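Next come two complexes built around chain A: one with chain B, the other with chain C.
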Partner chain A sequence: MIVAERKPFDEIKELIQGYKKVLVVGCGTCVAVCLTGGEKEVGVLSAELKLVNKTASDPASFGEATVQRQCDFEFLDELKDIVGEYDALLSMACGAGIQFLAERYPEIPVLPAVDTVFIGVNKDVGWYEERCKACGSCALGMTGGICPVTMCAKSLFNGPCGGTNQESCEINKDQPCAWRMIYERLAKQGRLDNIIKICPPNDWRNQKPQTLIQPGYEERKTAVE
Partner chain B sequence: MKSGSNLEKILTAGHFAFTGELGPPRGSNIEAIRKKAAPLKGMVDAVNITDNQTAVVRMSSWAASLFAISEGLEPNYQMVCRDRNRLAMQGDILGAYAHGIRNMLCLSGDHQQFGDHPQSKGVFDIDSTQLINMVKTMRDEGTFLNGQEIDEPPKMFIGAAANPFAEPFEWRVYRLAKKVQAGADFVQTQCVFNMEKMREWVKRANDMGLTDKVYILAGVTPMKSLGMARYMKAKVPGMDVPDYIIDRLKGVDKKNQADEGIKIACEQIDEFKEMKGVAGVHLMAIEWEQKVPEIAERAGVLPRPQV
Partner chain C sequence: MNTKQQNDMEKVNLSTQIAVIGGGYAGLKAASRISANGYNVILAPQHNDTDNNLAVLGVSAAETDRIKALENDVANDQNVEILPLSTLLEASGMPGNFTLRFESAGAVLEKSAGAVVVATDTAVNPLHQIYGLTPATNVVSVSEFENLLASETTRKAIEDGKKTVAFLVGFAHEGSPLLMKRVLNCVSDIVGMDGCSAYVYVNNIKVADDGLERLYTRCRNSGAIYFKLQKAPTVIQENEKLTVSFYDPVIRNDIELNPDIIVCEEVLVADNVNLGLAEALHIDVGPMGFLQKENVHRLPVASNREGIFVVGSAREVQDLSTSWSDVDNMMLRVRALIGDGEKSVAAKAVVDREKCTICLTCYRCCPHGAISWDDKAVISSLACQGCGICASECPMDAIQLADFTDAEMTDRIKAAASESAANAPKIVAFCCQNSAYEAGLAAKAFGHQLPAGLQLIQVPCAGKIDIHYILNALVEGADGVLVLACHTGNCKSEFGNTYAKWRINDAYQKLEQVGIEKDRLEFKTLASNMASDFARIVIDMEKRIGQKKG
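Up next, the complex of A and B:
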């Protein structure tokens, strides 16, 4: 899932300063799972904003709405009858959802209430860890299912580097060295041959905006355009 | 000759190589470079010019390398993967060669989090092994990484780093093998303090036939004090300082600790001279360049051979 964390409250206040009617818009998918931007968090944020506005000389008012996915026009359409009442939308979706909300309602300012931080996994309730950088050229087949781009702080393809600190990464004792893990897993599986070969430079496909059209959907795209 | 550098000539002639290190200044102060360069002149075969070492901004390594040349030293131009992508790297290599730089040391680089701009974006477009291979391709194939022809290819003597002490130890010699396969002509190791582990690593490199293909220069750093030894043991990533080094420095009077540190370094150099598979020593006298002549003298590596 995509993991986000709420921006500091003061930064949110600063972003919405000057807007008198703000709709806080949640997303019911990834950011709801990571307890950042779902219906519950929309309620909490708007309650906090209402509270500080109580004492303001010229208070703003806040509405709440949560759609199932902000990265899908079909769900964003649900807001079409209410957005006209607001002079700003404060989105709690990931960066993709925020942009799609802004694209769907281009006449209204859309502001982010969260910082999107990574593509990750649910280690436990409230505990998420990054696992993928969406580089566009997956190396997991070579590296025993451990991503060298994400899990190595230097994204090395022929690691480990010389900074390995006992079993940890040089950046942090609590961060295991990715290449030690890769080595150990491949050794256990009898697949060290995978990393004895030199891995050539990566094709960084994530350096420009990406589009994917599944086979069979090309005509549909043309029709929509 | 691959590059015709002095270091290459020394090593191919079978001499025991002795290289030094010079960290560029944190400013445009040429005098600072001259001051550090002066004691190294005639004492070393080449001098490593570090590239934003410990991720702290300094004068660029190619520019400081040119000053090293004008001061009569042969630079070993260091390049890290942290600060530039494959375009910038290849461009810098062309310029460095055109200006007379003939040795290069290809490194990953310390993570930017350690340095003076911890918020910066690390590049790491390619890694050190891929960099080695890129420099070799430029030299031997005369092409850029993309296969296109170079108008006058740069002919570098290619260096790599190795840390024989970091985990997983079993894999370290294979990583050396990968760098050799990628095109490393010489290797400079991390500072050696744990001699047992070093002997074992060199033995494995010998057994795999790697030392027939690459010149290994053992990294030696004299300890200036007990405090420095303790700091390196506790704080510097990838450093293996055994307790017996700490105990030896502890065993002498504080004012004699620096001398004891040099004594330890000289004993190491003596052992490396005899160690099969070791072709030289890389002396990293950290912010202690003025002591290099004394260390070189006491280690018996003077005069440096003229080749």
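Up next, the complex of A and C:
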């Protein structure tokens, strides 16, 4: 899932400064699961903003709405009858959702209430860890299911480097060496020969906005266009 | 808001087969009682040897015979299926319909059960080490000494040797009547032998059981000498020579004695299978590895999960008679739960399946193991205790509690916060109905002085107090908000007060950010009988806020 965290409250206040009617828009998918931007958090943020505005001479007012996913136009459409009443939209979705909301309603300022931090896993309630950098060149088949791009400080496809120290990375003794973990996992599975094989490097020059069309849908895309 | 479903009754079919885990005296009794009540029983003994456990508990010969007869009856009972020496691998499902996977005799068996009764045994550990002693022929544990007395030859050797036996009891741990009974039985034997003498070095003499006071006195009258000391005597073990020295508070003198044999106390500990069972059954582990937490709200034999009952030594050190009264309690609970296998139940918490994003937060937070999932979260009406922790944690507000829906709570908060009371500060107090709400009602009934602007909002558990409610009360015009929960370790739902405390701390940070004084919000714990404390807390808050206003 995509993991996000609430922006510092002062930053949110700064962002919405000057807008008198603001709609706080939640997203019911990834950011809800990571307890950052679902319906509950929309209510809480909106209550905080209302409290700040209680003492203001010219208070702003706040509305609340949560859609299933802000990364789908169909769900964003559900807001079409109400967005007109607002001066600004304060989105609690991930960066993709925020941009899609802005794209759907280009005439209204869309502001972010959260910072999108990583693609990660749920270790326990409220506890998430990064596992994927979306590099576009998955090496997990070679590396025993441990991502060197995410877990290695240098994102090495072929490691370890000379900075591996006991079980730790040279940057920090609390940071485990990814390639040490990969070695141990492969050893456990009897696949140590994998570590000798050269993993082709990722083409980092290719880090421009990506588009994916699933096989079988190319024709549909052409037809729609 | 899915209020429409909340008063619906759900018809549930329950399995009338009951699993009993543990084949000791409590397990056998449970199996026999459940079968006699017309249910089928799966009996899963965890150990090979019931005799050993009977010895541990100092069960008399007559009682042992009764248990042997019971064992025989259970073995021949058509309604009881015995899985010899089985291990519980996994348990899934909800009350009325659990599925248990056992490994027994090399095979994996899957059994359904409407309810599960955990009736494991106790084990006994020696405590020589704590006294700085090494086990030797003349330094033995109570169990070993009982064996010496039980065998003709060793008993005769003690008698003929006119041995002096010293017993060390109650210094290594608080002890229990059960252990005291075994020690006193040994003492009684020794003082009955011509020329033998018994010294008992003891801290607190535990006699809170039938006939123990009498046994203690009889031993004393027959010549046993008790030294009641605050701390353990110094014991020196030099090969064969044993020296016990201590300060006698009665004759106010240092005393040194040289017994022939030292009998060192033991401790009764939880069955070593308990932790594994707790993990498989998703039930809490209490102190010392027993399977019930210390919680005043827990009825006897209840675990944190409905439909899973803990009896006898599975939950605390128990003798035969208390174990068997546990079995009676368990039978009442099983009958109430399972009945004749069909039941109508009202849902206490309902999931809005359209809103649910299946983040598993509710599943992970539920203290009663009442939540599972298909493609959305599913709350078992039978297992749910209605605490509302899940509803307060759900990031999509997708769980609504009967009588405490978000819409109803919002209305109540709005009404409470906007209630006008002239110039008096408006205080909204969220009160757990198991403690603070009762204390608040009592404070009113007893005529304690209470703030004019105080409004109580009842919640089923402090765990239901959503951070949103707290902030909303302030938004709606409250001058102060109180969150009143049960004392630490005293929550009926185990963690409701803890969750409430965490949310308050989160709310403090938020209030600081929005520029509202932190002392407008307060978290306190109460018990239902603390009416005057309740009054003090609310009056203190009124004073504090009144000063701000003034």
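One rule holds for everything that comes next: the second predicted complex is superposed on the first by the 216 of 225 C-alpha atoms of A that agree within 3 Å, B and C clash if a C-alpha of one lies under 4 Å from a C-alpha of the other, contacts with A are read in each partner's own complex, and residues count from 1 in each chain.
Here, a residue touches a chain if its C-beta (ideal position, glycine included) is under 8 Å from a C-beta of that chain, and two chains touch if they have at least 3 such contacts.
Everything numeric in this text was worked out from a predicted model, so none of it was measured.
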* Asked: Sharing chain A, do chain B and chain C clash or fit in the superposition?
  -> fit
* To do: Treating the CA centre of chain A as the corner point, state the angle out to chain B and chain C, nearest 10°.
  => 100
* Asked: Which partner does A:Leu156 contact after superposing on A: first (chain B), second (chain C), both, neither?
  -> first
* Once the structures are superposed on A, label A:Ala32 by its partner contacts, choosing first (chain B), second (chain C), both or neither. => second
* Who does A:Thr116 touch here: chain B (first), chain C (second), both, or neither? -> neither
* Asked: In the superposed arrangement, does A:Arg180 touch chain B (first), chain C (second), both or neither?
  -> first
* Which of chain B and chain C A:Glu170 touches, first, second, both or neither -> first
* To do: Mind working out whether A:Pro201 is in touch with chain B, chain C, both or neither, as first, second, both or neither?
  => first
* Asked: Can you give the closest approach of chain B to chain C, taken over C-alpha atoms and in whole Å, for the superposition?
  -> 26
* Structure fact -> Intersected contact list for chain A, partners chain B and chain C none
* To do: Would you mind writing out the residues of chain B in touch with chain A in their complex?
  => 81-82, 86, 108-111, 113-114, 122, 124-130, 133-134, 145, 161-163, 166-168, 171, 174-175, 177-178, 181-182, 190, 237-238
* Structure fact -> chain C residues touching chain A in their complex are 355, 357, 359-361, 364-365, 393-398, 466-468, 471-472, 474-475, 510-511, 513-516
* **Residue ranges of chain A in contact with chain B within the complex** => 153-167, 170-171, 177, 180, 183-184, 192, 196, 198-202, 204
* Structure fact -> chain A residues touching chain C in their complex are 9-10, 28-29, 32-35, 38-41, 43-44, 47-48, 50-52, 54-55, 66, 122, 124-125
